[in-house]
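Report on the structure given below.
For clarity, chains are labelled A, B, C, D and E in written order, and residue numbers in each chain start from 1.
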Amino acid sequence: MVEIFIIPLVTAFLLAIFIRNKKVVWPLFLISNLYILLKLWTLFGKWEIEKTIYTNYELFGAKLSFTLSNNPLGWYFAFFSAVITLVISVFSLGFNQKTKENVAPIWMLIIFSNLGIFFAADWITFFMMWELMGWTSFFAITNGRDKALNEAKYYLVLSLLGASSMLIGIILLGALTGSFEIFASAYGLVQVFYSEKALSIAAIMLLLFAFFIKSAIFPFYMWPSKVYAVGPEDYITFMSSVMIKYGIYPIAMFIVPVVGSLDLPKILNTANWIQYFVGYLGAISAVLGTILAIFQTDMKKLFAYSSVANMGYILLGFASMNIVGFEGALFHAVNHMVLKAAIFLTLAAVIFRTGESEMHKLGGLVYRMPITFLTFLLGIIAAAGIPPLNGFGSKWMIIQALMSQKMIIFAIAMIFASTGAFMYLFRALASIFLGQLPDRFKDIKEVPLTMLIPMIIMMIGMLLIGVVPGVVMKPLTTALRAVGYNVNIASWTSLEGALKNSTIDLTLVFLIFLGGFVISAIMYILGNKSETVPQEDNYTGGEYPEEWGVNADRFNYSYSFYQPFKEMFEPLLEKISIDEFFASIGRNFEYMSATVQGLFRRGEGAVLLFSIGVLLLILGGWII
Amino acid sequence: MIEILRVFLFGFFAIFIGLFFMGIGRKIIARIQLRLGPPFYQAFLDVGKLFSRKSITHNFVMDLGMVMSLAGLVATMLFVPIAGHTAIKTSSNLIVIMYLMAIGYLGMAMAVAASGNPNATIGVSRALTMMLGYEVPFFTVMLGLIIINGTSSLELIANSQAGSILNWNMIKFPLGFIAAEIALQAMMGEKPFDAMIAPAEIASGPMVELSGKYLGLAFLTHAVSIFVETAIIVNLFMGGASNIFTFVLKQFEIYLITVIIEAVFPRFKIEQAVKFLWTVPMSIALLQLVLIVF
Amino acid sequence: MTSRWDVERFGIGPMATPRQADVLLVTGYVSLKTLKRIIRTYEQMPEPKWVLAFGSCTVNGGIYWDSYNTITNLAEYIPVDITVSGCMPRPEAVMDALQTLMKMIQSGEAGAYKKYKENYEYYKANQDRVLRKTYPILGEKLIQNEEAATSIE
Amino acid sequence: MKLSKEEIIDLLKQRGLEVNDLYPTQISVIVNKENLINHLVYLKSIGFDHLSFINAVDFIDEGEFELVYHVWSYTNKVHVLNKVRIDRNDPKIPTIVDLWEQAQFYEQEVHEFFGIVFEGNKDLSPLFLENWLDIPPLRKDFDTREFSIRLFDAKPNGGDR
Amino acid sequence: MDAPSYMLTKIAEKDDLAVYELFFGPNHPGMHGNFGYVLEMIGTEIVKVRPNAGQLHRGFEKLMEQKLWVQNIALVPRICVVDPDPNEVAYCTAIEKIMGIEIPDRAKFIRTITLEMSRLTSFLMGMGALGAALGLYTPMYIMTADRDLILDLFEWLTGGRIYHIFNIPGGVRNDLPEGWVDRLNKVLDHLEKRLIEYDKILFENPIVHKRLKGLGYVSKEDAVRFGLTGPNLRASGNPYDVRVDDPYAAYAYLDVKVIIQEGGDALTRAVQVRIEFEETIKLIRQALKLMPEGEVRLNLGNLAMLKVPKGEAYAKVESSKGEFGYYVVSDGGMKPYRVAVRGPSLPAGLLLAQKHLPKMKIDDVAAWMGSLAICPPDIDK
């Protein structure tokens, strides 16, 4: 148990020493990572393992201790995120081969804190790891571009906001329940909820606030698009696929059990107000993320908003408070990890080769980067939630749960968002890979092998989970059973819905699709043979485009792809001026961040933070 | 083995019926336009001709996409119960059907975007916008039926209407039927919701670069989509059928309504179409949903 | 094409783009600017393809035979399978031509598109002669005026 | 304020122009090149607001081009042919695009077919012909029949000769 | 983030790659005739337009100088296929003006009737094409079917369906055949009945209204300033009609009602055509009623040997698309010295295209062209 924490740190140290020597870095990196994965694998089922460091300090009557434990849900997240992180880090090493060599130690640290978050058993450890990750990402973002600093500061300020809110929440929780251990405090909170209603709700809300910030849920949906646009592509891959789930995990761990155990009054016989609150935020995130993603021109921003929408789906799954919805949400968390990693890896590959991230400046890359294209294609099919790939099963479960709970508005929002997802996903596909290849990119090549292999692994992963959902669902259901939920262990191939007679067999779906494909291919083969013509040979109403000064660059429809659609939303967006509102918030944050930055520059930051922390502690104690 | 045979049987049956409908549809439109019109088997001749011609492709994505588009729709078709039979025993889940259908559209969109013609890409962007337009009201109608039946299995919903005509959802939930009918018009890409094709605007949009067998595959895709979409409506609202002939007859009734509407309406602009779909059928559907749920 | 004659009853209909078309109908006179576009359209059509030249003007220039901007014989530039006389031809004549073309296709007579491939050089030379002129046609006679004209430019 | 044809003739004569009374609703005015813009501005001010079109006539024997500006008044119901003669060897005339915007295309057309330069017109690119290397085709010394025979191998009477 | 639509032109200047080009014509289903616009677009909005005229240029003005006076009558109707008679009448009127002859009254009336019939066919085509541009093919087919009825009448009268070559200097070729007038009356009755159907399917169609309302607005002043004529001018509220202002043929004897509408957008223009269509039927009825008996042409000797005295004349005719003008110069010879043609579509097709099409959607181009009844052949000549 402890070795998976020690090894990354030791490796990071060793890597930092041998950083110049490629022959050492690669084997060392891979071996230690594979060892960690192996160790994680063996940890499955051994839920009793726990390591605690006891202290004699007491805070508001709660004993302070640092505990790492192999809790089932944590394992579920930790294992899959570790696999994804390894793949991303391998890609990253290839990505940074020429420019910077010092990424390997940073990745080891990231792996360390990643595992730390998921295996933390008490709030204090959790908070420490959380903060470690926050600061690591701040530095990783600023590593990217020159102008990245501003956006990184924006992120930092939000992070700090979330952290302080979490800190207060944790302290409140400790004071209320007398324990900082996650399970114990959850149990305690349910006990004291009715007597200390206001404070309990405040604690839940403060924690939710922090988690929502991390997962970019509705009011805080701005940071991914800002950060991803400037951050280094390899690192934002990690952020968008793994880090954004850090808010999801504690919700599943703590909030859902607590709210599920409470007996709150139900509105319209369907759900209680916390469900509605969470659900509405999720629905708004899903819809707004979708609409905003549709209008982006920068591909990284587009997928940033797509992440926001996906977080919305997960939240909707939680909000349903139905076991199928809950499973679906957790399943979707892993699915989204895989598919977002695949998509962002391809984006990184495209940027690696072309240096462009504005979609309308790209086009036709399928002619030059076929494997990248294929990965991206599978990625967007998965992201759109279309059957033979992995995004479908989890979305389907969430929709099933929403329908069975008669949450009609949420179900409609979900359908709106996932149909809208076709729009932005297809736009990215068409603009980046399809269409005319501009002359500027006539002689680019496919990315090198170190970057191809991670992409291929991701492809296989998406297909595997899509066809055999048991790969994820089996561990998940086992973990949920271990935690105490009343679930059946999932079969390898099929998923169970919440409604009557709604078990679907995804392998069968895949086979049926294959059947359709065979029929279709027969028709294709029956047809007369075809002839490949160059991309310039296109219908132009009979005109010769070159005579009108039209080259491939000027023959691509990709800017303002959904203009009619946008015009529909323009008055609406103007009326509620949501953009303007958040832009002003953004400006305020920028102002704040400038202040904070000023403090840091003068070396007073640490003092200030410390004093704020102390002040809050004292205030907290005083209130209670 | 028998299952593979059934897959083929169902697949080709859908193609056959779809093309047959298309041929009759053209004839009916011609009669409305005071013309004699082509013979009813014209669609078969067209497809035969298209497949026998040499065709032009821009890259492998075009081939892959066109095959994928037909594959997606045939796969969808295999999920839809026809007179109580499905090709393979499944739960014929409505959401699965809706999503599988998207493979077809995505494949088609990919193929035509790969051709690198802006007309085609505009067509695709319109088609996807339209999809968002009709999917939402259609799903809202479906949601009502799913909630009241407590199942998302198309087969169970169809079976629940067995018995007299008064049990049909069409009679029980007329508002929902109207909304679904309007959404269906858009789903089939018929006027007034055919902005994605719009020859006068974008030179037949997605089809602009398709030739020979690619156009043939697009034809077949359209044929199967007609079959699938009418079959969904028949199952949802007209109680399915006990035998295959009544089922096809009911499908044809639905298709007939679509064709007649097609003949007498011009096309909406895409934003007008989406606005219309989000106001008229959507509010009808929501009203129906509210009536069902509360 | 009108509803009284309705060619669709023979399964013939207009298509939007050359990619989808089998037969190229050249309806009437062909000006130089149009010829250029006809050639591109023709070359974009997938094989097998046929050309129906429509009206006297495509055969010998018709009423515009002495115009400086219309060609006189379309068959010099792209292979023509069948021509219809008249200016304008009557709808019955067009329908007859279409049906004759259908019969010719069935019997394998209509294969002008093969000629285009075989004699590509000949057609290209003819096309280039009229479309990519590099010197004035009446230049030697009127060299002074020509100079004046270019100086105006 | 409606002016009759006679009043208009009088007005124009007062401005020292040569006016011919052609038909019940038509008069022609002979203007010189320098006076043209002034004259047209004046006409526009007394209600001649519709520029029908501009065309040129090649009087090759006299060595002159005649430009005709067709102006019609909706209020006076009179059509005025404003005729300007310019030298054939130095065919230049000021543009009237500022007066009537559609004159842009008429001037482009006249330039293309006669080679007349409209000074001040920014865009005199060819509108109708492509790759035209001969003298402008509507000049009288351009022999279209010869041109057609040489370039297209045209045969008079369909080759029956 | 995609920019809002009102910023597109600025983006076009700044970011070249945001712009793409779309070729609208000549080989395009939305384009009537051989004409083209090269559209520079951002998204689905047009930012710049380059008209590509001249693909129908046949050098009419040059050809006419090579042919005898009367031979040219075979040439002129080919300038505009859908509405050929105004060309013949304008050309003949110009010759008659130069020669200073007055044609017999009956000839004037027959000319008027053929002109108005030609207007009907053209309106039918125009309304059908507008419907087709909006994707509504049914009225197009019904209207072409109805147009064939008029073409049959033309064939009976003149021997030609499309090109009639019926008007000659000094009158018309022949008198009306027996029974022709009855048949014409029947056709007119039929058309009047059909109008109700057109209204139902096209002009009262809510979607047509939605599509056309506010499209391509031309103000009252602009319509005159840009040189628009015909129904387009009157749809902007200008009560001008050549038939009234400068009567030719028999219009001086007839009570021509000038219809004006204040609207100036595409819908108004479409409705304008519809109302004028009805008026045209009434006008033909009126002409039939008032038509005197008598000669139908002057004896000018052998027309092939016709010599026109030295002189010049401009003759204009109100065609279905606006003012068709022929400026004829004669040097007293066997052939015209110069014939210049003013087609009605040029201001709309070239000038207004550059004014209106930017900021318009690609969706609307075909409908816009249909509403202005742009006929490319008379731009190119």
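Just so we're on the same page, contacts are C-beta pairs under 8 Å (C-beta built on N, C-alpha and C of every residue); 3 or more make two chains touch, one makes a residue touch a chain.
This one's a predicted model, so the numbers in the text were calculated from it and none came from an experiment.
Colleague: Could you name all chains that are in contact with chain C and with chain D at the same time?
Modeller: Common neighbours, chain C/chain D: E.
Colleague: Going by the touch criterion stated earlier, list every chain that contacts chain B and also contacts chain E.
Modeller: A, C
Colleague: Where is the C-beta contact count highest, in terms of which two chains?
Modeller: Counting C-beta pairs in contact per chain pair, the top pair is A-B.
Colleague: Mind having a look at which chain is the central one, using mean CA positions?
Modeller: Closest chain centre to the overall C-alpha centroid: B.
Colleague: Measuring between mean CA coordinates, which chain is farthest from chain B?
Modeller: It is D.
Colleague: Going by the average position of its CA atoms, which chain sits the greatest distance from chain C?
Modeller: So the chain farthest away from chain C turns out to be A.
Colleague: Taking each chain's centre as the mean position of its Cα atoms, how many Å separate chain C from chain E?
Modeller: Taking the average C-alpha coordinate of chain C and of chain E, the gap between them is 27 Å.
Colleague: Roughly how far is chain A from chain C, centre to centre by C-alpha average, rounded to an integer in Å?
Modeller: Averaging C-alpha atoms per chain gives centres 60 Å apart.
Colleague: Please work out the Cα centroid separation of chain A and chain E, and write it as a whole number of Å.
Modeller: 63
Colleague: If you look at chain B, which of its residues touch at least two other chains?
Modeller: 33-35, 53-56, 118-119, 122, 199, 203-204, 208-209, 212, 269-270
Colleague: Please list all residues of chain D that touch 2 or more other chains.
Modeller: 128-130, 137, 142, 144-145
Colleague: Would you mind listing the residues of chain A that make contact with two or more other chains?
Modeller: 531, 537, 539-543, 555-558, 561-562, 564, 567, in rising order.
Colleague: Between which chains does touch occur?
Modeller: A-B, A-C, A-E, B-C, B-E, C-D, C-E, D-E
Colleague: Quick check on the complex: what are the chain C residues that touch chain B?
Modeller: It comes out as residues 3, 6, 8-11, 15-17, 19-20, 22, 44, 46-48.
Colleague: Inside the complex, what are the residues of chain A that reach chain C?
Modeller: Listed in rising order, the residues of chain A that touch chain C are 531, 537, 539-544.
Colleague: Show me the residue ranges of chain E that touch chain C in the complex, using the header's touch definition.
Modeller: 26-29, 34, 54-59, 62-63, 66, 74-75, 78, 81, 141-142, 144-145, 147-148, 161-163
Colleague: Spell out the residues on chain D that touch chain C in their complex, using ranges where they run on.
Modeller: Listed in rising order, the residues of chain D that touch chain C are 89, 91, 115, 117, 128-131, 133-137, 139, 141-156, 158-159.
Colleague: Under the touch definition given earlier, write down the residues of chain C that touch chain E in their complex.
Modeller: 2-4, 14, 16-18, 29, 31, 33-34, 37, 41, 63-64, 66-70, 87-88, 90
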